[in-house]
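In what follows, chain A forms one complex with chain B and a second complex with chain C.
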Partner chain A sequence: MDGLRVGGYRRGVGHRLDTRLVGWRRTLRVMTERFVTRGFVGRPRPDGEGTAGDARSRTPPGQYLTTDFPVLSAGPTPRTPLDRWSFFIEGLVREPMTWTWDEFTALPARDWTVDISCVTKWTKLDMRWRGVSVDTLFEAVELLPTAAFAIASSDGGYTTNLPISDILNGQAFVAWEYDGKPLAPEHGGPARLVVPGRYFWKSAKWVRGIRLLDRDVPGFWEGLGYHNRGDQWLEERYSGD
Partner chain B sequence: MNPIAWRLATVTAVRDETPTVRSFSLSIPEWGGHRPGQHVDLRLTAEDGYSVERSYSIASEPERAGVIDLTVERIDDGEVSPFLHDVVAAGDRIEVRGPIGGYFVWEALGSMATEPLFLVAGGSGVVPLMAMLRHRARSGAHNPTRLLFSSRHLEEVIYRDELDSLAATNDGLEVVHTLTRSQPAGWMGYDRRIDDRMIAEVLAPLGMGSRSFICGPTALVEVAANALVRLGLPGDRIRTERFGPTGT
Partner chain C sequence: MADDTTVDPVEGQVLDGNAVGGLLATAFGAEMTEVPGECAHCGTVSMVGELRAYVRAPGTVLRCPACSGVVLRVVETPNATLIDVRGAAYLRFERR
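Our next item is the complex of A and B:
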């Protein structure tokens, strides 16, 4: 095995000396150890400032930009009628809450324009959503001081775990509109958790509630070999990355 | 926990499956094996350090030690698949890591080895299902199994000859094709996109105790999975994986 070239560095090289993350030490390693794929050139990469440069700097390492909105899910798309839909917050809170659809969508909502990265490698910029901040939901229930982790659960049995430090202070919201229209079922409608700072599997489709815990419990993909935290800027795709 | 290591694989064989689909055999040092349905990540790096990664399903069965096959459709405006098709040749080396994924997996173990198996594929979505069928054949399982496979034209049916010969071994596998764009003279099979009625007809002999794996473009996966739910198959027995035009 060509040990000089493989496994010598921990994470993907990223897009061309991604100075956002790669310090000089790592740059040096990349320069000296990377394996070059014979004949691979890749797409043209415009240099300098401007739109293309901005898009590149917003694309995490190992990702490519897409204008589609790809769909990924592990099982069939659940369909819960809105009159039977509800959203709960429970666990380590002073006052557990359940909202009906009408109550939930009457909460103070706002528009969010965020960049999304999926572990399957696509990144889509400037995705426009409408929904309620997780902060607003937490204010309604008042977290206990012991609440440190959240696990979101969805119709169909899907779960994903997040430390609350990853979802507080405007970092996460529950959306019911995408691009000005009701969120389509295959994209997670009627409502989806959105956590733009993490790979998209953390943005639980068909979300129905959040449970607050004092310990970290792996969710669905986190228990199947995917990274527990999933920070796309650190390329935390799989366990151990 | 250690990260899944990048390994330097050597391309040992390249062969055409259809005019736009090609298979690559990769010999991978210290490869720990995989489970049918799992995928790998490839990383390509240019001279200037620019690199891209893509995920590809493994097409081969785990019984082949140290070697995996990938089957890749050429997407004309893609960044990676045209490179794999037009440039990569036997003897080339390529960075790979995996295996990845643990849910879209079928193995001839426990109850899975005996339960009826219903596979639904659209186009190159057949790749991870082929790993399951090859493994099933090698393991000697003879559980009732049906593959419903949607292709546009007969000449675009991936693994056509191998699927014919697997079905001919009479070990419980049946392959049902639908050709959605053109059909050869005298074609007796389905000639339309997969719909509820087709799912019901092809599933019927297997019954509601089946386990189902569906892989293809989003529209096909949605239709097939929704039909199975309506027919009464429990949601946790329907596993899906999507192949879209962005999976290049």
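Our next item is the complex of A and C:
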């Protein structure tokens, strides 16, 4: 793939998790309850919901709150007709899969209400999406024990990389609805990867598939100065700064 | 498709390469907007100022007006400016 380079990931907690995830299907259910990322999915907020203090505590450092949905784009908006759209999972899996639009949107879906933070410093709370968990997609293909990293690719050539420990256990989904309506093309429709626990550049618009690898390959922005992991609670904006 | 008739907010945000002329001049140490470059994807030669600039993004992406391929990418971090030139087969600087 044009412009991709190997290397550059940081050995840290994520890497140790990857090693432990060799038998990930077995441990998935156990870990689901333990891996709750702050500011994440649909967790109950019995007290303080909607209050100023609650909004502050849910805003990562260096971010400001917004109520609109800014459109950021690195290129022209792709418009793939749904009858020519498909979604693949390939690489280090037992059975590579390709779903048509109808097959994909018939997968078990759920509603997700998540807070989103963009590296350009806006944060938007309680964004409502509908889509399928990455866990469900991975169950269909069965990851090989060597699968440790994922690279998502999109119409228009965009890519982003994630260790699988960042997208398993309910941490990521592929959405085709936003706020009760089909996801608009400028926001990544027909389908967008959403990874609420990372800066929004990791939530690839117009996503068409995920490749599983045994090594980390920086994506479009990760390969040009942006942080490899992009945890907004740690302000992981840039690499080497 | 109904979407084809709606206004694409992204298109309204697209500038040309002159919009990042100052940034490029600082990074390259030369005025860049009238520098011709060849798109590595389709071979079209455009001046840097003629490239289509997507600036509402984590970095600036300069694309070929003919094929939309990425010619230059610019990211400013707090301490550095990174420029990816892989999409340019060459940039031509006149000696004067």
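As a working rule, the second predicted complex is superposed on the first by the 190 of 241 C-alpha atoms of A that agree within 3 Å, B and C clash if a C-alpha of one lies under 4 Å from a C-alpha of the other, contacts with A are read in each partner's own complex, and residues count from 1 in each chain.
Just so it is clear, a residue touches a chain if its C-beta (ideal position, glycine included) is under 8 Å from a C-beta of that chain, and two chains touch if they have at least 3 such contacts.
Keep in mind it's a predicted model, so treat the numbers as computed, not measured.
> When the two structures are overlaid on chain A, which partner does A:L72 contact: first (chain B), second (chain C), both, or neither?
Touch status of A:L72: both partners.
> Which partner does A:W201 contact after superposing on A: first (chain B), second (chain C), both, neither?
After superposition on chain A, A:W201 lies in contact with chain C alone.
> Applying the touch criterion given at the start, work out whether A:T80 contacts chain B, chain C, both or neither, answering first, second, both or neither.
Neither: A:T80 stays clear of chain B and chain C.
> May I ask you to name which of chain B and chain C touches more residues of chain A?
B
> So in the superposed three-chain picture, is A:T100 touching just chain B, just chain C, both, or none of them (first/second/both/neither)?
In the superposition, A:T100 touches no partner, neither chain B nor chain C.
> Of the partners chain B and chain C, which touch A:T136 in the superposed model: first, second, both, neither?
Neither partner.
> If you lay the two complexes on top of each other, which residues of chain A touch chain B in one and chain C in the other?
2, 70-77, 120, 157, 186, 224-225, 237-238, 240-241
> Quick one: which bits of chain C touch chain A in the complex? Just the residue numbers, please.
My answer: residues 1, 3-4, 8-11, 13, 54, 56-59, 61, 63, 68, 70, 73, 75, 77-80, 82, 84, 86.
> Would you pull the chain A residues touching chain B in the complex into a rising list?
Against chain B, the touching part of chain A is residues 1-2, 5-7, 10-17, 30-31, 34-43, 45, 62, 64, 66, 68, 70-78, 120-122, 156-157, 186, 220, 224-225, 237-241.
> Could you please specify the touching residues of chain A with respect to chain C in the complex?
Chain A reaches chain C through residues 2-3, 70-77, 79, 81, 119-120, 157, 185-186, 201, 221, 223-226, 237-238, 240-241.
> Residue numbers of chain B touching chain A in their complex, please.
So the residues of chain B in touch with chain A come to 1-8, 29-30, 41, 43-55, 79, 83, 87-88, 92-95, 100-104, 218, 221-222, 225-226, 228-229, 235-236, 238-240, 242, 244-247.
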